[in-house]
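Look for chain A in each of the two complexes below; its partner is chain B in the first and chain C in the second.
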Partner chain A sequence: MNSLDLLLLLTTLTTLLALLMGRWRPVGWLLTLLYALQLALLADLGLTLQGGGQVVSQLQLTLLGYPIGLVLDGFGWLFAAITLLIALFSSWFGSGAWSAERSDRRAQHLTLSLNVTAMLLLLASGDLLTLFITWELVSWSGFALMAYAGGRAADAALRYLIYAIAGAMALLAALLLVEQQGGSFQFAAVATAVTTLDSAGLWLLLLLFFTGFGVKMALLPFHLWQAEAYALTPGPGAAFLGAISSRMGLFALMLVVVKLIGLEHLAALAIPYTFLDAQSLLAWIAAFTIIIPTFIALTQSDARRLLAWHGIGQTGYMVLGIVIGTELGVAGGLLHVFNYATYQAALFLSVSAVIYRTGTADLDRLGGLITRMPLAYVTMLMGIIGLAGLPPMNGFVSKWMVYKALLDNGQPLLFVAAIIGTLGTILSVYKLIHNTFLGQLRAEHQAVREVPWSMSVPMLALAAIGFITGWMPGLALSAIDVAQQALGIATLPHHLGGFSLSNGNLDMLWVVGALLASIGIGALIFFAGNRRHLTHQLDNYAGGHFLSSSHRYHYSHNFYAGLMHLIGPWYRGTFRWLEQALINSVEVGGNAALGLFRNSAMLLYMVAALTLALWLLL
Partner chain B sequence: MTAEATVLLIVLPLFGAFLLPTIGRINASAAHWSGALLLALLPLLAIELWNLHSAGALPPLALGGYLAPLGIVLYPDRLSLTLVLALTLGSLLLWPRLHQNDATGRQATLMLLLVAGGNGLALAGDLFNAFVFYELVAVTSYALAAKLGSGDGYAAALRFLILSALGSALGLLGIALIYTLTGTLNFAHLAQHAAAFNSPLGITAFVLMVLGFGVKAELFPVNSWVPEVYGATSHRIAGLLAGIVSKLALLLLLRLITLLYSDVEVAGWLLFTLGLLGLISGELAAWRATDLRHTLAYSSIGQLGVMVMALSLPGESGMVALLALALHHLVVKPGLFLFSDGWHGTSLAGAARRGPWGGVLFLLFALSLIGVPPLPGFWAKLLFIREALAAGGPWLLAIAIILTATVLETAYLFRFLRRAYSRHGSAGYGAIGPDAALRASAFGATLVVGLLLLNPLTELLQQTAAEIIDTPSYIARVLDVPVEVTP
Partner chain C sequence: MKLLSELLLMPLIAFGVGLLLVLMMRKVRARVERRIGPPLLQPLYDILKLYGKKTQISHGVMHDISVMMLLGGVICVTLFLPVPGMSGLSDRGDIITLMYLMMVPSLGMALGVGQCANPNGSIGISRALTAMAGYEVPFVIAVAGVAIAYGTTDLAQIAAAQQGGVMQWGLFQQPLLAIAGLIAIHAMLGKEPFEIYVAPAEIATGPMVEMSGKYMGTLFTMMSFQLYSVGLIYTLLFLGGGESWLLLLPKLFAVVFVSVAVTNIFPRHRTEKVIGFMWKWPTGIALLGLGLVMLR
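Showing the complex of A and B:
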């Protein structure tokens, strides 16, 4: 039994343990340990996968004459590592005080472990049919994770399910097209199919794959389901979903588009009468996926929804980087997957901590929690710096790489689109942290305390990982190398602090060092300066009156009123209108079909057939 | 065990049906359970005959010593025996309960008659006997559909009777046309004269028979009885009709199209068109329906539309796809219908929380119906879509519609699951009764066994399909070497 089989066995055992003993309180800790064990196993596997190696599982099946096999290469390994890392911290968060009083503990643990198992199977799929089967497993386990809380979460999950099944059907069609053209479901058949298909056929194949995987990734125009579904999933589940679940779509899309079909074929597919080809079309879809959801996030008043919309937007950066295809671009895109996972999970966990203590995530009903929940504040601060893509966090490195790759490749318009996205991100994350932690503490939150250590340690750990990999990106880039080699793309030469290319370099050791030094100097001046006198926030007066906690002086509602006045008319809700139009057409069709059955003209048809027969005879 | 035992498949249940009322006058319970016991013997007999057939020792049976093409021939091949097995096992799992309104054991008698008729239909070697047994099945199904003590049930059954009887009349007219064309009604003999059916008269006969026998197969446009009858009858009978009786009608159409009309293109396109329209109308109506029973009724119209389309798929692989779809539907639909009484109206909310095992079963059936791998439903759909893709042309439209229909299926099935798992249900009694739960578990177990034995099952289906399309072999077996049964 090799390491891959051991890993799969471990993950199945984890799921079984969660199923059988999930109600028992200590099981959460046991599961967390098991995730850590799997992560260690995976780290060990990573050493053997360097240089484009792969590990073949001994578990081989043949169903209906089709071979089903599991093979892990460096590309899948990277995503597996991120999955297990986030699962570890989510499970840690959810094992202690979070689930102590909850009755759905077993569902929480079971759905998480089911998702991890399904994802590991997907990442290790060795042919297209296995990819499809495990893809469905991932989709359905994601549904279970979103739906187990019931209520509005289940409604959002049902909406997700419809999208997911539609995507899966497109995927099935693509698979069968490849089998018909390429002869089998093996990965190599895709290359054969690409050569035998004409231009229209190749477009159809690409669109089918794009639809199938794009639904999971929430790329435009399939993005409407994700924000609601991820936002309403409780606690650690939301962190896991937001961080890594939709990346499975990215994994599959990049596997098919970059590795199996090849970006050069995409570049060769031109859209008639335009200057676009399939590759630039994908890049522009990614660019719009950055801009539109980010600005929708700006208007959200629920913290979780804000983060979920950002999740959709950040996918655009990953796709953009990878679609450019150069070493720098692909490295930037893949690094962004890792970076995003760390800070998004940290952000979701800190918002969950706020919900745990205050009971709400409504940005209009919070404020001033920095004095009561400093650790959650620090986590969120580091998270939003990462999300906005500013030093010293890791988000800065990957975004820098994507920007540089775009400019190096002569794509100034895409670069501007990416920058606009960053602007929107900076604006909306400030709103997030301001409305939650800064400003005036509400009277009903005076008694709020910091969350227990079982919850604050994992989220601080994630933020710390973000900081360390931001300070020393070389650590993460070594892992990215393994994935890039598996994709067949040359690796980016890097060192501990970043990279140096002929036309520019990035050394985070110096950047973060300079930043910390300047903060140090500022702190020195601040603390060694005049004596400070600490007063209570409300020990103050304004307009001749003394402040009192019964008045709200905290500006939080309709935060960007001025900006919305300018760009508000641009929010047209076109995609929602399209979705509703589709649903309405199905309703009309359904009514027609139902009417068909009500107006029973059966006798009429039979009499008509009889008459026809008699006429023919006589 | 010799080849003559084939006739026992028809005679035993008939005999039992006639005996049951007599025993019932003495002891109703004894009659009820002896009927079930008799029925339980039949699958064992069918398996023995299957083994004989695999060994090559099961020739067609000419009853009374009168040889084909003039005599009555029973043709036990893999397809017939598969359907016999499915019918007998299905009827056993859907055996009626001992009911206080049914002191004479009417339901049990009718079930045995249905089984007798169905076995005869499956085994029939000539068109007229196929029709006779089809009528037996039809009449018993009218009587079974009339739910005891329900006014709605009687009204629906009466309408069912009128419409289906008219359909049978059309079918009979079609048979008469075939007789005028060729002068024979024996399947093998008709297959020899297959060239005669590529004519206006032959095609008219086909249209009449398709519309006539299509009533039971829930064919578009003669399926408007389905929602009404399934809505008014008991959940067992709805499952029986939708799952098993419809497959018997499909079998008849299958024999027609493979033996008589295999070279007539119009026949294939007619089935394709009617199947496609049935699929579209059935799935859309199911999406719009509000209660589980009607949703499942429309859903079965849609699924049978796919199977009717599969009838016109060329080649052996097409037949495998048809058999896979039919057998899968046969197991899943009755299982789903068993939930339609308990998961109804106000007791739907929270039903899966009150009865967790029921929730798991419904989830299993729903996932298999939608076609989620690795459940058998996925493989059946995969086979069908693969063959459709290979056929090309208008079949590509069919593929697009089937894939869309799958999305609709997910929507309407999971609407019910969503409500069943909601936390706002009424506390108290379990959702479906223990009786229905037991039967549903049996169907669920069959599905899981089918999943575990997927590879051997596929091989069996491939062998069956190879036999079905092998018309020359059919002719040779029936007309050359029949077995004489001395009276």
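Showing the complex of A and C:
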């Protein structure tokens, strides 16, 4: 029994505990402790994985004559560590007051722990068959987490399920192709298949893998299901799903494309009659995955949907960095997985805190909560600075690495596309914080209080992690090194504050230090001025009239009216139209088949079958 | 120790030069309107007066912090801009870092204005951010073109690569990018026809509407820093920077002069016109310029 077995046993026990004792009120705290324990075990495991090592589980089985087993290397370890970190804080948030009055406590704890278990198994899969089985486990446990609230959440979860099943079929087909060419389901068989397949076959294999894994990541054109499904999941579940769940797709795609097939094979696959090859095609898909969902997020009027759409957009940065394939790009993409998880979870938790107190996440029905919920405000502020990718938060560091890798690699158009996505993000996150916390306080929210400590501590802790790893990115980059070694990509030399490159450096110790010191100077100058007079939040006037809370003057609805005047008509809903067209054609085909077999030509078939049988007999 | 003295000196120089740039702006406007214009120290007097005023209305803690963030952000930007004899922190953060640092004061202002809960202020911020989405696109393309052309994102290295005669300047090496960049920084400074977010007759000066006393004074200070930083970035990117202050300052004043001179002859665009213009003309020119750089 080695430490990987112990970890997997512990995570299974966590699920069992949630199943058996989920109704008991303090069980959430116990589960949170167990997640912390697993995280500690995993951190210990990380020491043995440095330098490209791996841990093989002693549990080895045979399925249909194929050996299957569990192996954890540094690459899976990085994702597992992020998963457990987010599970820890999500579970913490949902342990105290959040779940105290909820009747679906058991479902909440059970689905979360089930997801963690399935994900850890996926990350430790040692061959393609295990990958497929655990992939299905992840999909179904994700469905359970999305659906347990019922109602519209269940509808959205069902939509996800249809996408996931389609993806799983594509994945299954890819595996069969690999088995046929390579002779087994071992990872090495992919490399054999790549050498024996001709270019059409390799395109097919890539397309099948891309469909299978892209659905989970909600890469274009499979992005429609995700925002709705994540947004309607209750509180901590949404934070967990939004922060890490779809990264499983990224893990699997990277495993296959970068580690097994190799980016050089993608670069060699040219698309006829264009300048593109498979690698740059994937990069452009990533770039459009940044831009389109981000600008859809800009039009959302529900805080959770807005965040979930940004989650899809942020995936694009990770894929973009990784597909570039340089040390800086891959490190930036992987670092963004971690950074994104911290601030996205913090943002979802702060929105959940607002929902807990006010009962709504509708951006047209909130406002002015800064004086009532200052801690949730601070969390959201740090979260949006990370999401927008501004210093001093960690989101800036990983985005900087992706930008820099794109420029160094001679890809200015992709760079510009990535920045356009960031601009859309800045607009949309300001709308989020303005409509929720700034502006006019509504009359019905005047008695709102801060959420209890059991909820505010985990979200503040996530924001603090985001700040610290932004100030000292070297801390997180050391973990990225372990993953890069496992992928067989050269590691990037770095120090605690960032990088020393020959053509443009980044030292966050100095950047953040200078920013904080300058703000300190700004504060000194501010206090040197004459004494200020603090007015009450509700003491306001406009146009010479005093305003009371009976007047709704919070400028929130259609916040970017001027911009929407120009770009509003660009939202054509093409992908939704395509989805509907697909649904309709399946329906038409189904009805036609039904009509043919059941209703109209029954007699004709019987005569035809009889004739055929007679002909065969004679 | 040298670094520390540089870090103290650079913002002070920036402030001094920035005040002169503000003075130039006001003088130019006055001459266009056939007035004499303010005396030399008027910009400084204005700021001191505002800090000392008796009426200082604060709308909450975020309002105060936003003013500190705003001033801190613009001071911080100057530390990353290499000037003759002083490189400051420019080797610890490149042009990409700088572009993002320049958004920190804007974010600070946006948060503070948000807490003031004045709808005119919020509309102003909405317009300011919309304008930003407009002008940043050509600016970013111009920066990307320059970075590709010189193979570096380090501002000091970009300036150094343009030494050796006027024809080596980015203005003549990448003229299309330089034109697009000039239009973009004009909008970045919020001058007519792009001053949609101030719009005094329409939304009562937008973000400034609830700013009084030292809050307003900080905005004045921010403007002088901003004129300096934006002008200097353009000088470093396209005019070869400067080996000495005597060479640098005329370029800096010339860049800002172009902007403040043409602003007086324009009325104000509507919001969607601004962004439509920005995404059409400067972006198109910049993309052409970028194409030329990539072909080379």
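Everything below uses one rule, namely that the second predicted complex is superposed on the first by the 595 of 618 C-alpha atoms of A that agree within 3 Å, B and C clash if a C-alpha of one lies under 4 Å from a C-alpha of the other, contacts with A are read in each partner's own complex, and residues count from 1 in each chain.
Methods note: a contact is a pair of C-beta atoms (placed from the backbone, for glycine too) under 8 Å apart; a residue touches a chain by one contact, two chains touch by 3 or more.
Keep in mind it's a predicted model, so treat the numbers as computed, not measured.
With both structures placed on the common chain, the touch criterion links A:605 to chain B but leaves chain C unconnected.
Once chain A of one complex is fitted onto chain A of the other, the partner contacts of A:162 are limited to chain B, with no touch recorded for chain C. Judged by the touch definition given at the top, the superposed model places A:330 against neither chain B nor chain C.
By the touch criterion defined above, A:505 lies against chain C but remains apart from chain B after alignment on the C-alpha atoms of chain A.
Looking at the shared chain after the overlay, A:616 reaches chain B, while chain C stays out of its contact range. Applying the stated contact rule after C-alpha superposition, one finds that A:479 touches neither chain B nor chain C. Taking chain B and chain C in turn and counting the residues of chain A each one touches, the greater count comes from C. In the superposition on chain A, contact of A:119 is made with neither chain B nor chain C.
By the touch criterion defined above, A:593 reaches chain B but does not reach chain C.
When the two complexes are overlaid on their common chain A, residue A:341 makes contact with neither chain B nor chain C. Of all residues in chain A, those touching chain C in their complex are 368, 370-371, 377, 381, 385, 388-391, 396, 400, 403-404, 407, 410, 412-413, 415-416, 419-420, 423-424, 426-427, 430, 433-434, 437-441, 497, 503-507, 510-511, 514-516, 518-523, 525-526, 528-535, 537, 540, 542, 553-555, 559-563, 565-566. Note for the complex: chain C touches chain A at residues 7, 11, 51-60, 62, 64, 67-73, 75-76, 79-80, 89, 91-97, 100-101, 103-104, 107, 110-111, 114-115, 117-120, 122-123, 125-127, 129-130, 132-133, 136-137, 140-141, 144-145, 147-148, 151-154, 157, 196, 213-214, 217-218, 270-272, 275-276, 290, 293-294. Chain B makes touch with chain A in their complex at residues 163, 166-167, 170, 173-174, 177, 200-201, 204, 207-208, 211, 221-227, 280-285, 287-289, 298, 367, 370, 372-374, 379, 382-383, 385-386, 389-390, 399-400, 403-404, 406-408, 410-411, 414-415, 418, 421-423, 454-455, 458. Per the touch definition, chain A reaches chain B in the complex via residues 62-65, 132-133, 136-137, 140, 147, 150-151, 154-155, 158, 161-162, 165-166, 169-170, 172-173, 176-177, 179-180, 586-587, 589-594, 596-597, 600-603, 605-606, 609-610, 612-613, 616-617.
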